[in-house]
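Two complexes follow with subunit A in common, the first pairing it with subunit B and the second with subunit C.
After this line comes the complex of A and B, so read on.
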């Protein structure tokens, strides 16, 4: 019905005033890039984080092509990861994102996509810090 | 229609859309035959033909007409046809987030999206339109082959890719509408 289709105030806000849209230098050693897609709806989401020497996320950017809820979820995700350590950011749950944005059940997968994007970006960052581990994993 | 009194009956529960349109349950279809069947079915059940009939039959005619529209649209479009076939075979469409394994593909989708988001440029739009069409044709061929050798998991993966391109196609159409 109408309630299910209406975008929440929070989602509209992120859609009209998205925070942190853009790109970071994916070749920089302290930048982690996560690129994820939702096959059921065809949304794509790129989330990048810049981490300082103390393991703290100092900058984040996103680019999302998809529905308003997906855009809002990734926008919120970039806001939330800033200032957190890598391990703290890994604790961000899709349910928290969905709650903050008042996402209806049919859009819960958008918040899941954002959580997956955060994890992918951080995994990429970690991999870049430890190239030896990468080589060892390749040889294994 | 009731064989005795020729009154229109309601559609059966959970109809098989392939059977309804008299098509073999396969990904490969004869589009012209599908269109002929669509037109002849609509001629028989369209609400315009039931203006003088009792309200119950008018209602059934609307249901039939809707169902035939739905069947036609589902089977005409390769993506929806493929997804429907998966459903009939008890295979759920892809739900898991695509990430590492598909980064080359996702990067490509991202790049096309970024180009589309740029200010309207006729030449670039044409380029993108051609690219999308070519990719969709390629994928349709691969999906046909996958279904033919009964590889439903591969069909599922390929249909997921088709979904991304279907979205791009919609965005392109919207971009071409004069603002």
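After this line comes the complex of A and C, so read on.
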């Protein structure tokens, strides 16, 4: 457990034993890319998903500029989306991420950004599947 | 050496955070022990040997502090630390002269206790000018001169900054203040015992001193209050009139003895320490910068105390680097500001871009820092900066030739 400001073992583990760090081909039609946060805030997450023809997420990658909790939150997000359908992945809540990583109150915004990153990646994927919808939205 | 007492049993990290606090010099501990054991008298007890011996030790300590800064014993008042000394200097002087003087000048990069004391005075009706600093962290003397008003009672500028290590032009500031007959206070917590300080040479009227920044005990400090010309101040703490009525309360003899011993040891070691620390600092900075691109040193390269090095590693966030360097004790910005989510106000004052402010680490090199410790820290730092850049979307974008300033970032 976390004592005061000490990082939880889970958070440190995501940095020391990284999984899913990297990039997918953002130009591929079945890859969705989400980029959330801002350098001025000290938190930027890029999360990518690769979705198969059945709507299932088969691969995910992340890169994060942020504290240990931010890195762990986005890393965990990529672990959790794998194997889920797009709609299932949209159900992932920041509170679950925070609980899994034992994030203290001051770090809850990291888990919120990770949830935003998942949603942004999936929104990008959906937009790429339905460019007509994009056109319709533009006209609206 | 040894295991951490935090319940994990992990080996103790290397200590590279001397601006936060320093270990007791063994010579200081030796000097304190008798007063923590058999010689436990109250130094203000006038009627027996316990008191007399305690008083003698306290007065010896007072002389040791005075000698380090070229002052007279009678000008040294013991306090609980530099925070209290800063409060006394600023609030004490302002309030004493308030019938005729209502204006104070300070800088935007002072320690929180100075800034907060000034804010507190503003609620009492005083006016405060918070001078900006140049990009190198130094005060602009022309701006200082322009800031004086007919009713300025005090100028407060710290000697060495605790976050970025820059050294203000104290001689020049002293001259400027003396010429205008305005009292000059300096928070010298990070400076005394490390660089030569002389209250007469530098025309200093008040000075704050901290025990635990100079290998002395925590919980004690001192304030220097000039006698000629006389500086008056309204005491913060009322009571039995100890310390010339300026700071009532029993002087904690073991702590005062420790502070005195720390000052004497520092005076002896100053030249040797400064030379050794400069070499180690040069080693650290040169090695890191030759191996890692896009590293910025915060604060002037020349006018600084070498043992405090603040570096920004672009595209890598500071806390993540601290986590990665888990076996080295470091800090990202000042400990006082770490509780908030805002980046350092000192870095903001020197014009550091916000993303670089989030990417800063402070390295502290001290009397007991070894070359091996510096080399290990450098090696780990280089290794983990490279690793964190591989994990950084910002680094990736820059490698792809994208101008980060052109991106519309999301807000949350």
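Quick notes on this one:
The definition used in the following text is that the second predicted complex is superposed on the first by the 134 of 140 C-alpha atoms of A that agree within 3 Å, B and C clash if a C-alpha of one lies under 4 Å from a C-alpha of the other, contacts with A are read in each partner's own complex, and residues count from 1 in each chain.
Please note the rule applied: contacts are C-beta pairs under 8 Å (C-beta built on N, C-alpha and C of every residue); 3 or more make two chains touch, one makes a residue touch a chain.
Just so we're clear, the structure is a prediction, and the values are computed from it rather than from any experiment.
Once the two complexes are overlaid through subunit A, subunit B and subunit C clash, as defined at the top of the document. When the two structures are aligned on the shared chain, A:68 is found in touch with subunit C, with no touch to subunit B. More subunit A residues lie in contact with C than with the other chain of the pair subunit B and subunit C. Judged by the touch definition given at the top, the superposed model places A:32 against neither subunit B nor subunit C. Annotation: subunit C segment clashing with subunit B after superposition, chosen from 40-48, 76-84 or 364-372, is 76-84. Overlap of the subunit B and subunit C interfaces on subunit A: residues 35-44, 46, 63, 65-66, 109, 112-113, 116, 120. Across the interface of their complex, subunit A is touched by residues 6-7, 315-317, 319-320, 323-324, 326, 341, 343, 353-355, 358, 390-396, 404, 409-412 of subunit C. Touching subunit A in their complex are the following residues of subunit B: 93-100, 102-103, 106-107, 109-110, 113-114, 117, 160, 163-164, 166-167, 171. The residues of subunit A lying in touch with subunit C in their complex are 3, 6-7, 11-12, 15, 18, 21, 23, 35-46, 63-68, 70-71, 106, 109, 112-113, 116, 120. Against subunit B, the residues of subunit A that register as touching in their complex are 34-44, 46, 63, 65-66, 109, 112-113, 116, 120.
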